[in-house]
Amino acid sequence: MSLGSIADRLGGVLHGDPALSITELAPLARAGSRAISFLSDPRRAAQLADCQAACVVVSAKAEAAAQARGGAYILAGDPYLYYARLSQLWRSLTSVGGERFPPGIHPTAVVHPQAEVHASAHIGPLCVVEAGARVGAHSVLRSGVWLGQDCSLGERCLIQPGAVIGGDGFGFAAVDGRWEKIEQLGRVVIGNDVEVGANTCIDRGALDDTVIADGVKLDNQIQIGHNTRIGEHTAMAGCTGVAGSADIGAHCTVGGAGMILGHLTIADHVHVSAASVVTRSIAKPGQYTGFFPLSDNASWEKNAANVRQLHQLRARVRALEHLQTPQASDA
Amino acid sequence: MSLGSIADRLGGVLHGDPALSITELAPLARAGSRAISFLSDPRRAAQLADCQAACVVVSAKAEAAAQARGGAYILAGDPYLYYARLSQLWRSLTSVGGERFPPGIHPTAVVHPQAEVHASAHIGPLCVVEAGARVGAHSVLRSGVWLGQDCSLGERCLIQPGAVIGGDGFGFAAVDGRWEKIEQLGRVVIGNDVEVGANTCIDRGALDDTVIADGVKLDNQIQIGHNTRIGEHTAMAGCTGVAGSADIGAHCTVGGAGMILGHLTIADHVHVSAASVVTRSIAKPGQYTGFFPLSDNASWEKNAANVRQLHQLRARVRALEHLQTPQASDA
Amino acid sequence: MSLGSIADRLGGVLHGDPALSITELAPLARAGSRAISFLSDPRRAAQLADCQAACVVVSAKAEAAAQARGGAYILAGDPYLYYARLSQLWRSLTSVGGERFPPGIHPTAVVHPQAEVHASAHIGPLCVVEAGARVGAHSVLRSGVWLGQDCSLGERCLIQPGAVIGGDGFGFAAVDGRWEKIEQLGRVVIGNDVEVGANTCIDRGALDDTVIADGVKLDNQIQIGHNTRIGEHTAMAGCTGVAGSADIGAHCTVGGAGMILGHLTIADHVHVSAASVVTRSIAKPGQYTGFFPLSDNASWEKNAANVRQLHQLRARVRALEHLQTPQASDA
């Protein structure tokens, strides 16, 4: 693929020989002489000096460094986005044997006759689509995906292997020390352009539906509890858990292994750090964090013991303050 | 379905027209004029005022509010349990095409000839049941469930899609910097009325069995390590992990993403909060918690830095105390 | 199986009747009169007194206690390793119907004609092996395992049910509030003697490969992000998450539900405790820990509230110090 044809398709201003042929996309550090690479963060422009790539994609802020390096470069408004689009172009050109996810239902998939699967959708091997379920245009169930009764998937969704969509929510009423099942009568309703990661589970609602809005991206091993609502273009990293009946806004992000408890509301544009636990509603956009900092084990043992005695430590400080200024009050 | 027939089947005292027809179960907030709804917490009786439901199920404490609302109501001892049972009734009446989980083995399931599957059990599509495994009466393996060699499942169990029961426990002996496999020779033995969530894993024991007692409910994405024992009617929410050889009592609950380390004992009626880590045995019933509270990120950074220096802070308080009362000792 | 034949095959010095027949491997506490058992920790030698086993395997440090007990014993350098090897021998002798994982591809597996599966490998029921994927000699895919395009597995690997190897890494570029997919063009490359647990996911790299070195052992429900490298003989317990582009050394261990963030480097011989979050590179071998200690819920609430006000507490201590010694500076 020539640099010229890349710039023709994806834009950007090419500085260099359009006939130069590219055989690989590669990160800066290991890019060889026939690779194209990317500098997404202009503060790291110093890395360009040693880069062997045939061509680098840079923003205006790093243009001087690209020129200093010598070799070709493409000037782009957002090199990371350029990289995303080139990866898509690359994938489409290098897929062997035609289209990667051809329309149709693999012969080993089990699709109920009362399911509605769009003719352009791809249902991979060993998937199950139950009665009343719907799969929209150009959506892909890769392999071993389970889509339960009455659940629906919009257009252009990509469901990674092993995902379970529409399993029962976890609902029981206690009676005499036993648990009585609450049948889960709701559905899972997924919008357009949603990606669901490998072995991720999204439970159907109890009475209401579980709703995943357009453009949501869920990584692997995520658990979404019943009745949850996730707003447009929110993204969650792997191992995140969302308990039941959470109402999560649009354009949020949750870091890996974040845990969001149930029956709460999170505003748009809230960012939860990895391994942090959300126990209450969050009304204000921003970054929220809560995990115990890592130490060498001996330090942790001391600090953990002190955390358990914080209340006493605070009382001791109060007593000292009282000795100094007996009229002091401790808010 | 008429209100009269509901009360006939499930009990409770109906105040209102028995001929009134119900077409939907719905939560209070969105219940329409042909829905039945529930007030499980009488402290929220004020919500009844705006409820449009044809009928609400309430306890005696909320009867006055139900009367003030107008419209029909059913007086029940435990409205939440009533809701559970009505959800079951509803499910049984609305299942299209006959029984939801009909007895038998789906043609795509792989069931070993030496497995024992009760004639009333349901083995869904793409399940695997290995040699010597047993599935009791009326138990259901929904889809893509794996039940390993010699493992057994009692009666009326419900296993959600993708669950893996009887994979190898994680056991290795270190030798010269390598890991030597310890073959896992035990089984998984599951009692009656157990529910196992989607993509949940229960490992077989190393020498002993892993034992899940009657009435246990496990949510999705849970990991149960080898040799673990879980007592009757204990329930665990999604993403919980239990390391090996834990002995967990009856009637316990574990919140989402709880983590229970191995080789410990937990008494009956212990409740572990979400995202909390249990590192030692717990002998006394009660609620136990341990996770770092969430803050805005800037506050967390300050607090996390201070947590790392708690030991020094305590020493400084001690020094101040010593200045005040040189004879003071610091317990 | 006689004691004599065990000692012949596995070594150790047998003290007792070589003709004595053994029918069971069992832990000390429940070993019956025809069982063989093990004492791996000589500090627990007192447990031998009540042990009913026909034979116990002990190290030299516990030999006196084994003699005092009466009955047979085998003296071994490392009883735990002896147990591992006996478990393997036991498994091989008790497998019914011949070899446990016979070479070949189960008829329900979906193996692409362009995949390379070694003739000695075992591909279990309902596995999927995509085009260009490679499975080395004597490797085992148990059931429902997914091995994606171009990914490779070395020799003698054991992949537990439901594992997903080679799903897309989680990569998106933000544009105008939406997420643009970054196609994941790398592979997963797995060495020899690797074990992957049930429902564990290993994502393919974005541009580079995700690399799992020889001898790595991964438990169940683990998530390995794209471009991650895991060094030789590192072991991770269940529910661990590794974000993208982490470079983890050899001979490391990670406890259950450990969380390792991305774009960091961890040295060889680092041990991360369960439920601990690694946010920065670790250059020095050792044990690292970070989780909030568990308390009864009331104590936790007090301590958590105090953690949120640590900064103020520190300021108060500083003020007191200043009153005492106005020239004091607070580092």
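Read from first to last, the chains carry the letters A, B and C; within each, the first residue is number 1.
Keep this in mind: a contact is a pair of C-beta atoms (placed from the backbone, for glycine too) under 8 Å apart; a residue touches a chain by one contact, two chains touch by 3 or more.
The structure presented is a predicted model; accordingly, all values stated were derived computationally and were not measured.
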{"item": "Cα superposition of chain A on its sequence copy chain B - rotation in ° rounded to nearest 5", "value": "120"}
{"item": "Classification of the chain A:chain C interface as same or different, half of numbers criterion", "value": "different"}
{"item": "Separation of mean Cα positions, chain C and chain A [Å, integer]", "value": "26"}
{"item": "Set of chain C residues in contact with two or more other chains", "value": "108, 126, 144, 162, 199, 221, 239, 257, 291-293, 295, 307, 310, 313, 317, 320"}
{"item": "Chain B contact footprint on chain C (complex, rising order)", "value": "25-27, 30, 78, 80-81, 83-85, 87-88, 90-91, 96-97, 106, 108, 124-126, 142-144, 158, 160-162, 193, 195, 197-199, 215, 217, 219-221, 233, 235, 237-239, 251, 255-257, 274-275, 291-297, 300-301, 304-305, 307-308, 310-311, 313-314, 317, 320-321, 324"}
{"item": "Chain C to chain A touching residues, read off their complex", "value": "108, 110, 126, 128, 131, 144, 146, 148, 162, 164, 167-168, 170-175, 177-185, 199, 201, 203, 206-208, 221, 223, 225, 239, 241, 243, 257, 259, 261, 272-273, 276-280, 286-293, 295, 299, 302-303, 306-307, 309-310, 313, 316-317, 320, 323"}
